[in-house]
Structures are given as C-alpha cells and as structure tokens.
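For reference, the structures are reproduced in the following blocks.
Okay, so subunit A shows up in both of these, paired with subunit B first and subunit C after.
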Partner chain A sequence: MANIEISDLSMSYQKGKQILDQLSLNIKDGELLSILGPSGCGKTTMLRLISGLIPIQKGTIKVSGKDISKVPVYKRNFGMVFQSYALFPHMTIFQNITFGLKRRKLDKKTIEQKALNILDITGLSNLKDRMPHELSGGQQQRVSLARALAINPNVLLLDEPLSNLDAKLRIEMREEIHRLQQKLDMTTIFVTHDQEECFAISDRVALMNQGQIEQLDTPQNIYKNPRTEFVARFIGYENFIPKTWAEDQQWQFHKEITGKLLTIRPENIGIGTGENTLLGKVVSKNFLGNYYQYIVDTELGILKVNTTKDQSETNAEITLNFPESSLIELEDK
Partner chain B sequence: MRTKIKFSSVVGCLVLVILVVPLLIVIVTSFGEESAISFPIKGFTFEWYANVFQQPDFVEGLKMSSIVAILASFLALLVGIPIVYVLTRFDIHHKDWFQTIFLSPALIPEIVIGFALYQALVISLQLPLFISLIVGHFLLCLPYVVRLITAGMMEFDESIEEAAWMVGYDKITTFFKVVIPNIKQSVVAAFILSFITSFNNIPISLFLNGPDLNMLPTSILNYLENNYDPTVSAVSVILMIITASIMILAEKYLGLNKLT
Partner chain C sequence: MKRSAVLLLSPGLLLIIVLLILPILQMFLPTFVGDQFFLEKYLNFFHSNGNIQVILRTLMIAVITTLITLSLGLPTAYWMSRLGDRWKKVVSIIVLFPILTNAVVRNFAWITILGKNGVINNFLMQLHIIDKPMTLLYTNFSIVIGSVYLFLPIMITSLVSSFSQLNFEVEEAASVIGARPSIVFFKVILPQLSVGMLTGSILVFVGSLTAYTTPQLLGGNKNMVLATLLQQQSITLGDWTSASVVAVILTVIAVLVMTIMNYGTKLMDRRNAK
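Right, the complex of A and B next:
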C-alpha cells in the first residue's frame, strides 16, 4: 500500500504546447482519487507519467516517500487498466493473469493459487480457459482488472476503463471496481471524463483544466461548491449572474470571494416572489419526468429553472427568486 | 446495377481466360512427344519431366534459387522487423522519409538494381558473387517485409505492449513474448511473399550469376536460347506447382487476404 506525492510535474511536447503545468497532488494511502476533466486537459498524460509509460520531464513523483521518477515502468509494480482492455490476444484468460506473476520469483504452485484467487474474487473462474476474443467487452475489462490486481500492485491506475462499455455495464463495472478497491484497500487513480461515474465511487476528485488542477475536493464539495466558472460549467451549472449586476440590484449574497460571477443550480431558483427577485418570460416548458424545466428569458439572458411543480405556461410572465443560501460565488481564474 | 454486374463479370471472365489459357497450353505441351513445343500435342509422355531432372542447370538452379530465396527472405525479416518496429512505435524525425527509403527498392526497376549492384559490389568492391546475389535479393524482399509488417503492427494495439510493461516485462522481452506472437501472421505472410518474389526473379539474378551460380529462372532462359523442347514446359509446370502449393498453404493457414 502506498501514498503518492506528486510535485511540480510539468510536461510539454516539442511544439511548445504545455500539457501539464507545475502540477502538485497528494494521494493518500488506500484512497480512490479521480482525475476528471475534458479531453485534452492533461489527465491521461498525468496517469501515463505516474505509470512510467512516458518519462518525466520536470518534477517528481514519490511513492511511499521514495522517488520513482527514474524507475522504469516495468519495475514500478503498478497495475493498470486500459480503455481498450489491452488483453494479450494470444493467451488464455488464465495465462493473461499469470503473465505478470511468472516474471516474479514465485514457484508454480503459488502462481496458480494467486491466479485462482484473483479469478475467484473477480468472478471469472468459469472463463479462465477462454481466449480474450471470445469474451464480451465487460468480461474483457474484468479480466484486465484482474490482470492488474494479480501482481499485487502498489497502486492501481485506471485509464477511462468504462468508456467502451454500454450504460448498464458501466454502472455494474464501476461498482465492481469500487468493491475491489475497498476490499483490497488499494491506492487508486481513476481517470475519466464522466462526472457521474467519478462522483459515484471517488473519495476525492481532482478536476483538471489546461494542465492544472482547478479543484481538488470530495465529490459533494465539488458539486455543491464549485470554485471556478470552469468547474461549475463542467459539472452542469448553467445559470451565471454577473456580481456587479447583482450588487446594483441590491441582491443579498455572501461576499467572501473576490470574483466576477455568481451561479445557481436550476433546481434552486424559486418561482414567485422571495429574496433576490428577477422578472422574466417563459420561452418554453419541457417535461423531463421527475421535473419540469422552464427556459426563461430575462434581463440576464436565458436562464434554466427546474421545478417539480407545473407552475407556469409558455409566454407567461414569471417572477424568479434566487435564495441567498443557494447563490454560489465563483473565483476568477 | 444489373448491367454493371454483367459488365464486371464479363471482364472478370476475360481476364481469367487470358491468364489461364496460356498456362493450360503450357501444361498440355509439357506432355507432348514431339521434340519441339507444339500445340495441339501428339502422343503423351512424362519424358520431359524426367529430362528436367537430368539437366544439371535445372537441378542446381532449383537448389540455388531455393537457398537464395530462403536466405534473402530471412535476412529481410531480420532487418525489416526491427526497422518497422522502430518506425511504428517510436517518435523519430523524418519518419516518412525512412519509410520511403525502405520501400524504394520496389520503385526502382529491378534491372537497374541488378546492374547497380553488379557495378558496386562485384566490380568495385570485388565481393563474392554469392554475397552480392543475396544482397540483391534481400533488397528485393525488404519492401514486402516492410509493407506487410507495418500493416501488422498498425493493427496491433500499442496498449497491449504497455500492459506487458506494466506487469513487469522490459521492452525487449515484451517484443519477443507479446509483439512477435501477435504479428506472427504478418511475419509468415511476409516470408512467403518474399520467397516467391525472390524465387521468381530474373533481372537481378541475371546480373549476379556466374559459372557456379545458376538460378532456376535464368537457367530456363538460357536453356530456351538453345533448345525449344517441352522440357521448358515441364520445368514451368514444376515452378507453377511449387508457387501454387506455397499459396495454398498460405491460404490454409493464414487466409489469402493477408498476402495482399
């Protein structure tokens, strides 16, 4: 088991494009940390630097206090699950799992026992003599996970492991990853662009943008208190209110952060009079199962309002209120 | 749509006829009893096949052509596979440049390669003919190896190699334990195509042969200059059988689509 300290990690390609910019991050022993961000934010590069698949240009990575920056990939003893599963096509499932064990100085019996044990806890025992191409995507990814865990790695690295699976399998597989990670108390880094799957299983989330971490926090805190406009937009905030405008209107909100924007979730905007009101006109009303969504044209542009009650019709005038406690202040970046 | 199908099947049949009929005529003439090749044949005999094996030039040529084809193909694989690996897996400058260089022997007329090698290796450097011949055939085979192995490497997911590194194998061991077994089909296909190309080559062999170095195709050419008997038909049939059996084996174990 291991904790990871990443400090001042920078990476740029030859053409001068900065992929990672002095990034620092500590991952606790046994923690499941997600790296979340849009494509091109540097999250995969970061994982590949940690894994050793690409060499470090600047900065250090320490695992349990030891600098591993110069340790070659095959000596790091990290487990990795790839987006494309990357099973060895010419080996059976059993051989895939024992391949790494054979490299270690273990006798045949121990290898077999360890492999059978891993097959058992990942629920793959009945597939052990099959070839990878005979398995479904979900099964292949399970084997990939088993293969990574078989070598008893210090750290488990997951590179978008769910993005090739269909929706139902994705949920099943993420629960499986979570279960095994908890059971083995394995320090895990999970790279993804999907906020839902990341929020569901992570202890902490590092939300990345342009080679830097925008916010590092628990999923709840990121959801409830996005720090910047980028974070807010990425996790689904759509209503933004300029602070100077709110001050002109004499709205009440906490003035703790020096930024230019306020935001509020669509379900927190009230309909009817209350604190901090604004007039608007309903442009359209959409029924979305659990709630209605009103698209409202206001002085501030289009706002989205979600409500469980059917309260207004298209083209009607509407008064919106913005409770002080729900208005979130954002920092400038 | 229907006329299109009709048109293409007519053209297809025509090509087949143009291709197959001359071959059939060669096969038939190899059994004729007359001492000059004629069609239709009179009588039926295996005499010319027996005669093939009584011609030292043919027997030696068959042996030499096989040895050269095998050596040149092996050499091309030995050099070509690492080249392709580096070209497809490493970030190197002027990659397309190198790609073109290694494919270029296929673009230069073979007769020019033969002449150039004769000048450079045999006349200037005084290298033994056999070595020069192997070098020539190696150059002939290299583009096939480069092209087929490149295709094989492109199909092979790089993450699979990375997965082997992650579980503890260094890059060289990974190359032998993971990469090679997975591009095996391309390797075999490259070998077969190289072998056939080398085995059937005339232009390069023509410049680089000598008193003790007779290749089968050049021997046939020499024989034809002095004789016009059905022995030539018989040896052609034998060549066809050898090439066809290799292709059938390739088809059986690899699927012919791998060869093209």
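Right, the complex of A and C next:
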C-alpha cells in the first residue's frame, strides 16, 4: 500500500514553544506503528501534520516516495479515526460510511457494494439504518473505523481511538483494529498514551518525549531494554540505581558500565543473599493477585520488589539482591 | 390534592380569563358577525387591493428580514463560536447591546441616518456622487434595514448556541476522507445547524411580522404593514371591528407560520437528537 518517510519535521507555535523538533521516522508498508507518549509530547500534532489537518512548517513527509506537503487534506486518501468518534450526527450509519465514497467518482452500485462489504467486515450490517446517537460508544467507534476504511485509504491514522471506551471494550476494540489492519494489510499509525494497548498490537513503537522520538523499537525491545530514564519510567520501571553509588557499594560488574544510571524491574530484584546486595526495611506488603509487592525502604530510597512467594512481613529487615544480568543501564540524556 | 391544586391555580386562572381570554373573545367575536354570512367582514377586507398589498408587504418584509439576518448571522456566529471564552463573552455583550436601548430611540437613530438631510445623503452629496438627496427613508428598504438591525442580535444568539454544539473533529473527519471545504460546509456543518437556523428564523419572522414601532417610524403612512394598519383602523379611525379583523388575520398568519416551522424543527431535531 504505502510507506511513509518523515524527515526533519519541526513545528512550533508563535510563542516559541517547540512542539516537534526535527523529527524523522520511517513507517514501513503494512506496518502498525504506534506513537506513544505522555500528553503534550507532540504525538497528536505529528498525526495531524501527516493527515494534512495542519500545514507543515518545516520538514517533509513522503508517502510511497511522493512528497505530500502541498497536497490538501481531502486529496491525501487517508483514513482517520478520532477519539470523539466524530460521526456525522445527521446521517445514518450507512450514509456515514458512504460519505467518503461519494466524494470519489464512483457509480452508485460500486459505492453501495463497497459500503456493504465494509459493513460486513466490521460486523455492522444490522446497524446500517440506525443514527449515530442510537449506538453505544463501542459501536460508534466501530462505525468510525468502518468509515475510515471504506475509502480504501493508503494509510490509516488512529488518534487515541480507544480512550473514550471502558476497559473491556477497549481490549475488544483494539483486537478488532489489529485484525482489520492485518486483514487489509494497511499501513497504520496509532497514537496513544496507553502503554498496554500500544504494546499489544504494534509492530513497532515510537516513544516520544518533548517533540522528539526517545526510542523506536519493537514492543519487546522497548520493554526489555529501555534506552533512557524517560522511557524506563514511562513504561513502568520504578527502581533506579546511580552507577557511582553501585561502585561505592563494590557491586560486581563483569562488563563495563558506561551510563550513569541503572534500572531493574521489580520482579527481578531477589530477596535474600546473592550477588550485589542491599539491606532494607519492609514498609508495606501488598497482595496483588498473582504476586506480592513489597515496598522496601533502603539507602536508595523506596524500592518496589515483586515476588510470587510470601517471604517477609511489614517492618522486617530484609536483604535484596540485584543480579547483574537483570540490571539495565540507561543512556545519559 | 386535586382541590388544593385548583385553589392554588384559581387566582392566576381568574386573572387570565378576565383580563386576557374574555377581552380577546370580545374583540374577535364581532368580526364573525355579518348581515348575510359570518365571514363577510373578512371577505370585504380581502376585496380591497390596498389590504392585500399590506399583507403582501408585511410578509415580504418579514421574509427578507429573516433571510438577511440569517445570512449576516451565520458568518458572525461561526466566527464567534471559534473565539476563546473571554472574547466570546465580550462579543456577545456587544451583539446584545442594541437590545438594551429603547426601540423608539434606535429607530430615530435610523431616521437621522437615512433622512433627506441625513448622514448618508449629506455624505454622498458632499462627495458629489449624487446631486439631490435620495429617498431612503419611508420606504420598504428603510423598514427592512430597521428590522434587520432590530432582530440580528436575536438571530446571532440562537445560531451561536447551535454552532457551539458542533464538534470540530466531525468537520475534520469529513475532510480527511475526501470532502473539499465547500462540501464540508454544505453537507456536514449546515445540516447540523438546521435547528438553530429554524429557531432563529421563527423568532425573527414572527417578530418582524408583528413589529409596530419600526414600520411606523421608518415606513411612514404610505408603506403600511398589518401592525400599522391595525393602529390606523383602531386609534385613528376608531373602527374597532375592522381593527379586530386585522388582528385576527395577523394572529392566524403568525400561528400558522410558527406551527409549520415548529414542525420542521421537530423533524430536524428528531434526526439530529444526540
């Protein structure tokens, strides 16, 4: 279908606030790429620049090798799904879906056929004569997706499409998006602030911070090897160990550590003696279903330790160990 | 419970019956009494070309006023709906300000602007664009100008509320899937505004249909509308029955138009209900 090359994209508002800072990114044909980041990191701005809803200030965006910077939004042949569903409230579901098709020079029969086909694929056939306000949030978002896909777009853009849905629907809907994306082999950009939904369905994730991409990788690699402290914190690392401190403690490292900061996942901290130990006092113990979480007060501050076994009580002194293989070093930024 | 409700209601009810319903009946009933036929007085009224002209002029002024306020109000309301909260408040106050001044005073302002020695004529004559003053005052044109000025704030207010319910993402969704700006406006924005447009139109139409001060002061005696005709029949000529005939006709037209437009609003509302 289409690959996208974004190079040196910059964007700032009049007051000098830099929204995007020389951002470059390539999205492969048929790939589902997520843009993940906290609010205000520039992810929505980037999507709107790609869609053409806001004009490009600096940099270029190429789709299948063709520069689209000057192409108006309505000629780009993209599909977009919005957080607020953004259905046409005065049209039936069927009219919503045929709206984009009618803007293309197609005969009536083809339009109807295509619309019925997409209704079938998205499981909306029985709702086609309803009005948007008669549908539930999940159904409305499904219609919004169908409307975007009906025009057979080059690229599908999803702007936080799941944020307005409740937890159960969110999972259902993200599976649906993934299924359709795979089935139609559609190049897709998925903007979200939710790590879990993004990891579940993405081929690659671009984690953004302050207008720049902090890390671009597969979900597994980002999870296992966060590159910077920002990435680590964003995806849920909570225990941080300064390198100089570790050296003062005479922790043993077999390879050279270059970064200033180390991190470790709560479940990788061992309880009891082992390599690289640290004493601490249990502040509280929480039972969280399939594991216990110990909040431990140490010389490094509060650390979180997850373990499947109930090994200690509140106020007890415990020894923690930090196996070198589980310590992740973070790049300085 | 029923009895206490009746008791509570009775003073107000009595007041309305004695002071409103009875006088109306007293006014309307004689118009349906004739020597041969109960609609005789109405037939006589419609027999006169002058009267027909008055009705047509009244309707025409109301329709034109509605259309002009609608077309001036739409862009203004659109612009207002996109302002920030603070500026929206400031502009709303500016828009509503004319309503706070007395209608007679506002119409006198137009007399000094449109008159033979008025601002416009003086200005154009001093620039030698015209040699002798144009007749702007005491025409249908001046009535329409005055009415538009009078009713524009009402139209803008009803449109703004309907614009502010628009979701801008809906317009964006339309343009992303291929709608050029004109299509977005006519197929996406305008249909969503239909309720506000109808509400505003009803208010302006019925308002200018029954307006008295503006046609009286800016229209003069030659350009009569139903309201000024009514005044002439009753106060000037003292022919209260003829005046009542005019009143009934005016009421029927107003109620008829309101019913039709209300029905239209309901249809639209049902379609757009959220």
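The working rule: the second predicted complex is superposed on the first by the 328 of 333 C-alpha atoms of A that agree within 3 Å, B and C clash if a C-alpha of one lies under 4 Å from a C-alpha of the other, contacts with A are read in each partner's own complex, and residues count from 1 in each chain.
Quick note on the criterion: contacts are C-beta pairs under 8 Å (C-beta built on N, C-alpha and C of every residue); 3 or more make two chains touch, one makes a residue touch a chain.
Since the structure is predicted, the reported quantities are computational estimates derived from the model, not experimental observations.
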* Taking subunit A as the common reference for superposition, should the pair subunit B and subunit C be classed as clashing or as fitting? -> clash
* To do: Scan A:Ala148 for contacts with subunit B and subunit C and give back first, second, both or neither.
  => both
* A:Leu53 contacts which: subunit B (first), subunit C (second), both, neither? -> both
* To do: Mind working out whether A:Phe199 is in touch with subunit B, subunit C, both or neither, as first, second, both or neither?
  => neither
* To do: Using the superposition on chain A described above, determine whether A:Phe240 touches subunit B (first), subunit C (second), both, or neither.
  => neither
* Asked: Is A:Met131 contacted by the first partner subunit B, the second partner subunit C, both or neither?
  -> second
* Residues on subunit A in contact with subunit B in one complex and with subunit C in the other? -> 51-53, 72-75, 77-80, 82-84, 86-90, 99-100, 103-104, 144, 147-148, 150-151
* Structure fact -> Within their complex, subunit B touches subunit A through residues 157, 159-160, 162-171, 178, 181-182
* Asked: Considering the complex alone, what residue numbers of subunit A touch subunit B?
  -> 51-53, 72-75, 77-80, 82-84, 86-90, 99-100, 103-104, 144, 147-148, 150-151
* In their shared complex, at which residues does subunit A touch subunit C? -> 51-53, 72-80, 82-84, 86-90, 99-100, 103-104, 131, 133, 144, 147-148, 150-151, 153, 157
* **Sites on subunit C touched by subunit A in the complex** => 167, 169-170, 172-180, 183, 187-188, 191-192, 194, 271-274
